[in-house]
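In the two complexes below, chain A is the common chain; its partner is chain B in one and chain C in the other.
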Partner chain A sequence: MFTRTRRYSETTFIFLIVSAIAALAACSTSNLPLPEDQLRAQALDKSLICPICPGETIDRSQVQLANQMQAIVREQVEDGRSDAQIRQFFVDRYGERVLASPPKEGFNLVMWIAPPVGITLALLVLFLVTKSMLRQGPTPALRPSNASSEHDVDLEAYLELVDKELGERDDPPPPAEKPDTEGTA
Partner chain B sequence: MAEQDNITQEERPANHRKLIAMVAVAIPLIALFAILGVALGRSGGVPAGIAINSAFGEVDVDPDMARDFVVTTFGGQQLRLSDLRGQVVMLDFWGSWCAPCRQEAPALAAAYPGYKAQGVEFLGVAIWDVESEAKRFALESGAGYPMGVDTKGNIAIDYGLTGIPEKYFIDVDGRIVRKFVGPVSDEILESVFSEILTN
Partner chain C sequence: MADLGSITLLLSLALAVYAAIGSVVGKWKSAPELVISARYAAYLTPAMLAISTGVLVSAFVNHNFELRYVTGHSNLAMDPWLTWVAFYAGNEGSMLFLSLIFSAVSALAIWRAPDEVRPALPYTIFVLMSITVFFVAVMMTMANPFFELPVAPADGQGINPLLTHVGMFFHPPMLMAGLIGLGIPFAFGMGHLMAGQTGDEWVDTARAWALIVWATLTIGLLLGAWWAYTILGWGGYWAWDPVENAGLLPWLPLTAFVHSIMVQKRRGMFRMWNMALIILAWGFAMYGMFMNRGGPVPSVHSFGQSTMGWVFLIFLGANLLGAFALFFWRYSSLKSAAALESHLSREAAFLLNNLLFLMIALVTLWGVLYPLITDVFRGVTITVGRPYFDVVAGPLFLALVVLMGVGPLLPWRRASGQSLLRLMRLPIAVGLGTAMISVLLGATSAIPALAFGVCGMAATGIAREWAKGTQVRHNKGESYPAAFVRLVSSNRPRYGGYIAHIGIIMVAFAATGSSFYGVQDDFSLAPGERAVLGDYEMEYIGATTQIKSDRIEQRADVILYKNGEFVKQLHPGYAFYPSFSMAATRAGIRQTPVEDLYILASEFSEDGRALFRLHINPLIVWLWLAGPVMVFGTVVSLWPERQKAAVAISTLRTPPPTAPVTT
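So, the complex of A and B:
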């Protein structure tokens, strides 16, 4: 009984796997015979933005326009057009915003140059600040000395005054106090 | 007192470091906002709704030849845009699922016969639509001008459409001379056609 159940579950599992693979194959929009053409088409899909769903490339977007763009990409790959020609086809129609990564020219150069320059500058500043902090030793607040800031200097002076007064009080009381206490009693 | 002097001297480089750190943070932030601002300006802002042109008005066009296409009209005829050369053409992209398109359809249907008599042709192309739905709506609206569905989406892509309704006004030589996004009023139609026809 147990082995039979197990066999059933194995069969079900295999059936599910095969169905999933078949479903994936059926969903695939690719009808290109050559595997390298399919890879090219997939790479092109990833490089083109769906114009009505900003930020999503046509390989991810589920809208009709993205599917139609994918179909055009495959048609043109099959016709032997180059990647640059296919991308230009869409740029001519939708402008440069259809490209997932902007071309390396004009104002777009800023987008290519800014991140590495920014990171390099940030690392440089971090390095310089760390270096100057190390050269100066621990920050004043962490120093064992009590006189570490202007505020503490005031406090120090005040504490000194308190110590002085307390020290005076610890001394034997002056004899002049005696007649006073007698007078009040 | 001498100790206090030492402290202020120690604080000076600390303030200096603070300033450097603030500048180091501020510059990339300002640059980021500047890039975002420029990008937003170039993209024409954020679209209000997917595939529906909610921003109405005229869009500047460089007079260029209208890309040719063939559409099968609801009457079953194969109509090529270039076959209409010699007439002023209003190419209207619409969809049965698009509320502004449905709203302006009766006005377009009513205006068509008058302009047809002046040598103007209307051509309606339904995009991202189901043929049966588009056909049913076309019949309901009573439009007498040729209409069809862009079944493969090639026409919409050729015209770089991102939303409807959108209208292209094409002169007798087949050049796009005016373009409007969103629905157009009778007054706009009249002024555009009178200008194109007098030229």
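So, the complex of A and C:
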């Protein structure tokens, strides 16, 4: 556990957390040597929707058609056809809806481009709006949070010590009363 | 008996209408007796609905097949304990469930309303009871659970087999309660807008209810994932299915709300924003119910297909219109009591958090609606599935986890860049360390290494906050456990939030491991043969077939070895339900903290040969463990505080400011 110096306890913490998370992460990342073809087929399974089931990909669906489609995928992978060719094979038979997500081309580009564009715009707007808010000058202090259920007599002194230990505080002491709540007629 | 159910339904409708109208009229005409009687009517509404519920339950238990609903969702062979599930298996029952839950929680919210929300309470009651009126009225006109068949059949049709699973005991009711429960904080917000109470009066109450709803919805979603994992036979737990998305969508603005409401609580800021968020969250909740009641998009969840969905859509539209009309009517008085002082402050971090949650909601909605767009404009049916959502929402979720590591370290008002860097040094070091070690030990691509690193960083940020506070208290002479407990109870909203954050990190951790490192393989085995996947070896002993009254069960006997040593005997298989022509898989799962070995068995043939699919799903167990952690965090966050101590303790209310870590 911790000892007196904080530096030491910190090092302990780094060590504990890194090793715990990394150990779990590492155990889970051991790679299994599956044949290349099989991994390709599995990836293809995940990109094709079973046409008769509600929105399930063929690697997840339990119906027979999905199993047959998986078999076709494996056959075609073995025959050396490309991913695009195999997907096209199914699109020709079942239509575009057989793809788990539309290809990034043509009209469907709209779908793929809208989110990043929207997110960028939203971030920009947020930045500009907050920037204009910044100019509005200083503000009332924080409200007291209804913070604790403790009422030790020692607590005040003790909290001062906490503050001292933590270094100087950014906030002024809280106001004695709750600040105005205007507009509450 | 069924008549009693119909009568109490009618009574509850009358009471709810009276409560809604009475409380507003009483307020307008300054007639307190009317307001009080309206409140009593609001208390009586759930009592009437409880009687209807009791009638329906007893109809199930007594196999009263005169009722169309009982015939459609049960049969003589059904275990009585499945009544709980059968009750909400269809539209009629789930509408009754929704009405009962909502009116009961409304009554509780009205009864427990603290003094500061009393002035607006008549309006809040109006909103609450109007929602109740809608649900009861739709149920009575479109899905009456007490509809009687002219001739009672000898036996019912039985229950949907996919529902006969422990997960189904809690997933639908939790999710339904979470969706409808969002109406409570929404009603408080709208009530205060109507009353012109545009300050912070509603904040504490709305926050408390929002947190309860948040925990309910979170557990509902996780239980759904668990159900999908064990019974749908995917080997997965989340598919970005349209109805899953419908459950996730309200969760996102609600999560944003429980964050940003803290800013209003502490700083009097974001008043408009919080109103807008709760309106959006309620809108998404109604959208969720619309999708569940027969939405336009095919889904594994299409249990209760009906035209009722469209009524919900109209209700959704009316609610949004009304709510935003109110919002703009009161717009000018919803000014913040404070302004943002710096981009490097906790307020700003909360804003960014809100933006990210909303963005995830919007890109998800975009993915759900896009097929409708192509259908209209190109006349082509397409699917938008996992590849889109993973690519688009994944990075946003990751950004949220990063923010979770940084935000709590920022003080209110403003921080200096240098002090933030100093505080972030340790979390960043741990994050980098985690990423590097996961690469060294076998992470094959940058994205999962990055994600693990981010999890490490966020976890360190929280752990350090705890360690520092505990250490300071320990130095004062408290034992470590006492110091830790007192630290947490000194600012429950904050430290409870951190506990919930730990839960979210666990979810992120599990999602990263399982989506990037899952392995699967298929085997066709005859009895006695073995299959190998990684360190695991599975021996297929044989299959058993059992014919039960409602289903044919086929189960394989398999023995699992790891590194050559016996681990466990498992029984993967499936059950076929002829009356539904539907199969329900039961996976064989061996769970460890590191990975699950997940076995599916299907296509048993005459000679005993069967198809097996083996998955190794890393880190899944952390997803299930995250649920209790998040609920615990919510409980800590909500635990009532003794008011008297509040002022004395307020010195601790701020986050540890920009302190030098080393001396």
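Methods note: the second predicted complex is superposed on the first by the 102 of 185 C-alpha atoms of A that agree within 3 Å, B and C clash if a C-alpha of one lies under 4 Å from a C-alpha of the other, contacts with A are read in each partner's own complex, and residues count from 1 in each chain.
In this section, a residue touches a chain if its C-beta (ideal position, glycine included) is under 8 Å from a C-beta of that chain, and two chains touch if they have at least 3 such contacts.
Keep in mind it's a predicted model, so treat the numbers as computed, not measured.
**Student:** Please name the chain, chain B or chain C, that touches the greater number of residues in chain A.
**Tutor:** C
**Student:** Which partner chains sit in contact with A:Ile52 here, chain B, chain C, both or neither? Use first/second/both/neither.
**Tutor:** first
**Student:** Does chain B (first) or chain C (second) touch A:Leu134, or do both, or does neither?
**Tutor:** second
**Student:** Does chain B (first) or chain C (second) touch A:Ser82, or do both, or does neither?
**Tutor:** Once the two structures are laid over each other on A, A:Ser82 reaches no partner at all.
**Student:** Of the partners chain B and chain C, which touch A:Tyr94 in the superposed model: first, second, both, neither?
**Tutor:** Only chain B is touched by A:Tyr94; chain C is not.
**Student:** Where does A:Ile72 make contact in the superposed view: on chain B (first), on chain C (second), on both, or on neither?
**Tutor:** In the superposed model, A:Ile72 contacts chain B only, not chain C.
**Student:** Could you look at A:Leu121 and tell me whether it touches chain B, chain C, both or neither (first, second, both, neither)?
**Tutor:** A:Leu121: touches chain B, not chain C.
**Student:** Taking the stated contact definition, name every residue in chain A that is touched by chain B in one complex and by chain C in the other, in rising order.
**Tutor:** Common interface on chain A, chain B vs chain C: 53-54, 67, 95, 97, 107, 111, 114, 118, 122, 133, 136, 139-140, 147-150.
**Student:** Please name which positions on chain A make contact with chain C in the complex.
**Tutor:** Contacts found on chain A: 1-2, 6-7, 9-10, 13-14, 17-18, 21-22, 24-32, 34, 38, 42, 46-47, 49, 53-57, 59-60, 62, 67, 95-102, 107-108, 111-112, 114-115, 118-119, 122-123, 126-127, 130-131, 133-134, 136-140, 142-151, 155-156, 158-163, 165-171, 173-174, 176, 179-185.
**Student:** Which residues of chain B touch chain A once you look at their complex with the stated criterion?
**Tutor:** That would be residues 3-4, 7-8, 10-11, 13-14, 17, 20-21, 24, 27-28, 31, 35, 38, 42-43, 47, 50-51, 128, 152-154, 156-160, 162-163 of chain B.
**Student:** Where on chain A does chain B make contact in their complex?
**Tutor:** That would be residues 51-54, 63-65, 67-69, 71-72, 90, 93-95, 97, 107, 110-111, 114, 118, 121-122, 125, 128-129, 132-133, 136, 139-140, 147-150, 153 of chain A.
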